[in-house]
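One chain, chain A, links the two complexes that follow: it is found with chain B in the first and with chain C in the second.
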Partner chain A sequence: MVSPSSSLIWREIPERYGMVGSVCQTCGASYFPQRKVCPKCRRKGKLALQKMPENGRIYAFTEVHSAPRGFENESPYFLAIIELSNGVRVLAQIVDSEKEKVKAGATVEMRFRKIFEAGKEGILAYGYKFKVV
Partner chain B sequence: MRRVSIISAGMTKFGEHWEKSFRELIVEAGVRALENANLEGKDIQALFGGCMASGTFIEQEHIGALMADQLGLNPIPSIRVEAACASGGVALRMGYLAVASGAYDIVAVGGVEKMTDIGAEDAAIALGGAGDQEWELFNGATFPALYALMANRHMKEFGTTEEQLAAVAVKNHKHGFLNPYAQFRNEISVEAVMNSGYVATPLKLLDCSPITDGAAAVILCASEKARGFTDLPIEIIASSQASDALALASREKLTEMKATKIAAAEAFKQARIDAKKVNVAEVHDCFTIAEILAIEDLGFFEKGYGGKAVEEGETALNSRVSVNTSGGLKACGHPVGATGVKQACEIFWQLRNEAKERQVKNAEIGLTQNVGGSGATTVVHVFKRGD
Partner chain C sequence: MRKAFGDFVKGIGIVGYGAYIPKRRIKVEEIARVWGKDVKRITEGLGIKEKAVAAFDEDSATMAVESARRAVQNSGVDAKRIGAVFVGSESKPYAVKPTAAAVADAIGASPELTAADFEFACKSGTTAMQCCLGMVASGMIEYGLAIGTDTAQGSPNDPLEFSTGGGGASVIVGNQGVIADFEEFYSYTTDTPDFWRRPSAEFPQAAGRFTGEPAYFRHVINAAKGLFAKTGLEPKDFDHVVFHQPNAKFPLKAAKILGFEEEKLKQGLVTPFIGNTYSACSFIGLASILDVAREGERILVVSYGSGAGADALSFKATKEAERKRPKETIFNMIKEKEYVDYATYVKHRRKLKDV
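Our next item is the complex of A and B:
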């Protein structure tokens, strides 16, 4: 991102620190990040907060060699789409894992990590990454 | 709905135009399109222009007004259309609907992007806006990385190889070599692609489309009046668009673009043809994997067979279906807002038999597929020679 504001980082703390997503109480579908409208039920949907499971499997992965600004020091790093144990998919970095173990189907667990330093003020953005276990 | 035809097309050469400004690119493409049909400014009743990120690239907004002003078209209504990398294709669709509805008889449709006034790192941030800033880019994703994830999954599910991805770039450079408007007019080998460094595995530098300046324009006219301007109008026989989740992780599958499948199904229904009838297609190859997904999702080839089809030459010039005769985004270049309109220019010239060295023999039906972001928008048009 260019330089997210402190208010953006602050208001997303429940999602980024604790992976709190949404569940539709009408159809039972879970979502992460949070949604205010259930795309399946639309007006009949009733969304509530739901904690996402912190474990899952790697669904797809890539090793990023050409890192964007703010991520240069980590390059190369693994980025993956994780399928959480409830079936919801999230995009996140894979950290603290041996290269050979990063593959589709590998079991992963959520880790709380610094994501980057934002903007000129150097606000620290924290969030979820995943580790192969 | 009235039938709508393209009566003229014009574009700038695509490339790094350090000597030309954003507005000069617009004027060059726009004036060429007007002159090619011997039109005067007063003939144009409205203007639709695709532009993705001028605010970040050159800190200029209000592009609708700027376009009309610079082209000397005031006071006609002028509308900027933004749909990330599909801005041009969606602008074409808006122009099409404006004429089809009967609101106007003749409109101009343009697309432009001036990407080299800022550094490549800043350009990457501008392009990142096509994805989900808060949930993808925030977590370290880049655009190549998003397409790399699709490639990774396609390789796992269907056995697609890195050499097959490379074959897309090799073919498109071969076509770009024949196109005077193309940014890259050099042929490359599979080895050269394989040896170019990884950007995000499995995608390498030569799997990626470049940063480009350029503009393109077409003039649309109600078909019933088109022959007053040209002997060979090209009719738009279908125009469709579909949306999907902005973030890749929220999509049902990584190995297909659902928005492309839905837009294609709708387009073929409108055109009353099936995919097999298409002779020439310009598809959205921002990365090599994107062309493989496109030719599968458009129905040219079975799901999973796209890589093999490219490798076996089934999408080369004058093969089963000639794909990206312009050189595609890969070799012709990808000034994001202009790409969708450039695709229409290329099909216009192909169906009029004006594509010279890269001409597809006996081309009657053409198709364009323009994607926004990692697949959240797809716009499809089908074109037919009017004779």
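Our next item is the complex of A and C:
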């Protein structure tokens, strides 16, 4: 993994820490990650920041055995598409969950974890992961 | 001379709390097996059966955030009204870069606050709480968030490795919706080299038996006695007591010296199940007491930090404590666990070269 710059990590903090996405005040659609333009309303759309719910269900998942660089020591781990309670889908790691409980439809809750380290002396990136509850 | 502290802080106290205990556990028996130690002697000597192990992607900052989010939820306080975030820890993920700033951001607090990390071995959490109490009492801030969090370090095969666990706990201090009224504190501090870690060292060192009488007991006993003298209270006036718990033996002995019945210690004694969580230790014990505290019950907290000092604080539970019970109690969190073997523990705690 190429170590991202600290400014890139910093830019993602509202999304990674607080799951702050967007809502279109014209049509009411929610988006995560944040969008600059509502794809439905285009120029008529008016986007504002919106905090996403911290719970949802597993929509689909996979178990990663061949992890990308930087995540090798964590494998095998689960990666899932989570459908949040407002219908928005996010991709996230699943943590602290027994293998047999990780399945489509399982209820999950957000957890705050370390995502990666930019090398031994670099910055640490924190953010959301999910746990089956 | 200032007026009696109890009068000055009337109506101020804990308005909510939260804790986080990592799911993984390693049995002391498993650590003893690897190092060829006498299991019975170690478990009986420490009174610890197992300890909580932070995962590969957990550190003192993630546990601080988890506990702080639960405290915000439990208190019902709008995070934007928190004016100070102080994090007590001796296992900061950065040597220089505040965990407190990450916590403030992660709980959705306003940038308009003051924040800092505190270090005083295992007692920095209660010191952070004292600062919040003072700032709320003076009217400088509306609410303050104090946190104790640690992924306690222990060198392989060191006596510390058998006892050092991981965890975090937070309290929000304020004057509205108080669940435990703050009554008084008394602190006792001297320069006593019983445990330390130099900046470049990976693991701390403890001065063996010296950590007992001149260190833990001298400070804990003096802080508690100082509080009694200052308030006129006696052990019989308290319903619950929590002492810092480097093992399960020290707090029991401290209780005996001071004249507390063992029963009063029970609810806050968590070290046998999760190990010594350093800065989080007395905080998690206090949280466990608040899980069950009834209106009018008085609680004594005596933290201890090597180096050395102790903070004794007296609280009295209110009706709100019964109303604002958290979704999950400390003993429920203790029950949720997954055992790991020594090799897995070593991987998660990154005790291997290049991990």
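Criterion: the second predicted complex is superposed on the first by the 129 of 133 C-alpha atoms of A that agree within 3 Å, B and C clash if a C-alpha of one lies under 4 Å from a C-alpha of the other, contacts with A are read in each partner's own complex, and residues count from 1 in each chain.
Note that a contact is a pair of C-beta atoms (placed from the backbone, for glycine too) under 8 Å apart; a residue touches a chain by one contact, two chains touch by 3 or more.
It should be emphasised that the depicted structure is a prediction, and the values quoted were computed from it without experimental measurement.
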Next on the checklist: What does the overlay on chain A give for chain B and chain C, a clash or a fit?
Outcome noted: fit
Checklist entry - Which holds for A:124: it touches chain B only (first), chain C only (second), both, or neither? => result second
Next on the checklist: A:36 in the overlay: touching chain B, chain C, both, or neither? Say first, second, both or neither.
Outcome noted: neither
Next on the checklist: Quick check on the superposed pair: does A:68 touch chain B, chain C, both, or neither? Answer first, second, both or neither.
Outcome noted: first
Next on the checklist: Once chain A of both complexes is superposed, is A:17 in touch with chain B (first), chain C (second), both, or neither?
Outcome noted: second
Checklist entry - Could you give the angle made at the Cα centre of chain A by the lines to the Cα centres of chain B and chain C, to the nearest 10°? => result 150
Next on the checklist: Residues of chain A touched by chain B versus by chain C: which partner has the larger set?
Outcome noted: B
Checklist entry - Who does A:95 touch here: chain B (first), chain C (second), both, or neither? => result second
Next on the checklist: With the superposition applied, I'd like the minimum CA-CA separation between chain B and chain C in Å.
Outcome noted: 12
Checklist outcome for this item: After superposition on chain A, the chain A residues reached by both chain B and chain C are 74, 115
Checklist entry - Contact residues on chain A for chain C in the complex? => result 13, 17-18, 51, 73-74, 95-96, 98, 111-115, 124, 126, 129
Next on the checklist: Give the list of chain A residues in touch with chain B in this complex.
Outcome noted: 1-2, 4, 8, 12, 31, 33, 59-69, 71, 74, 76-77, 79-81, 89-93, 104, 115-116, 125, 127
Checklist entry - Can you list the residues on chain C that touch chain A in the complex? => result 23, 55-59, 61-62, 65-66, 69, 93-94, 102, 105-106, 108, 338, 347, 355
Checklist entry - Which residues, counting only chain B, touch chain A once they are in their complex? => result 121, 124-125, 128, 133-142, 144-145, 148-153, 156, 197-203, 247-250, 254
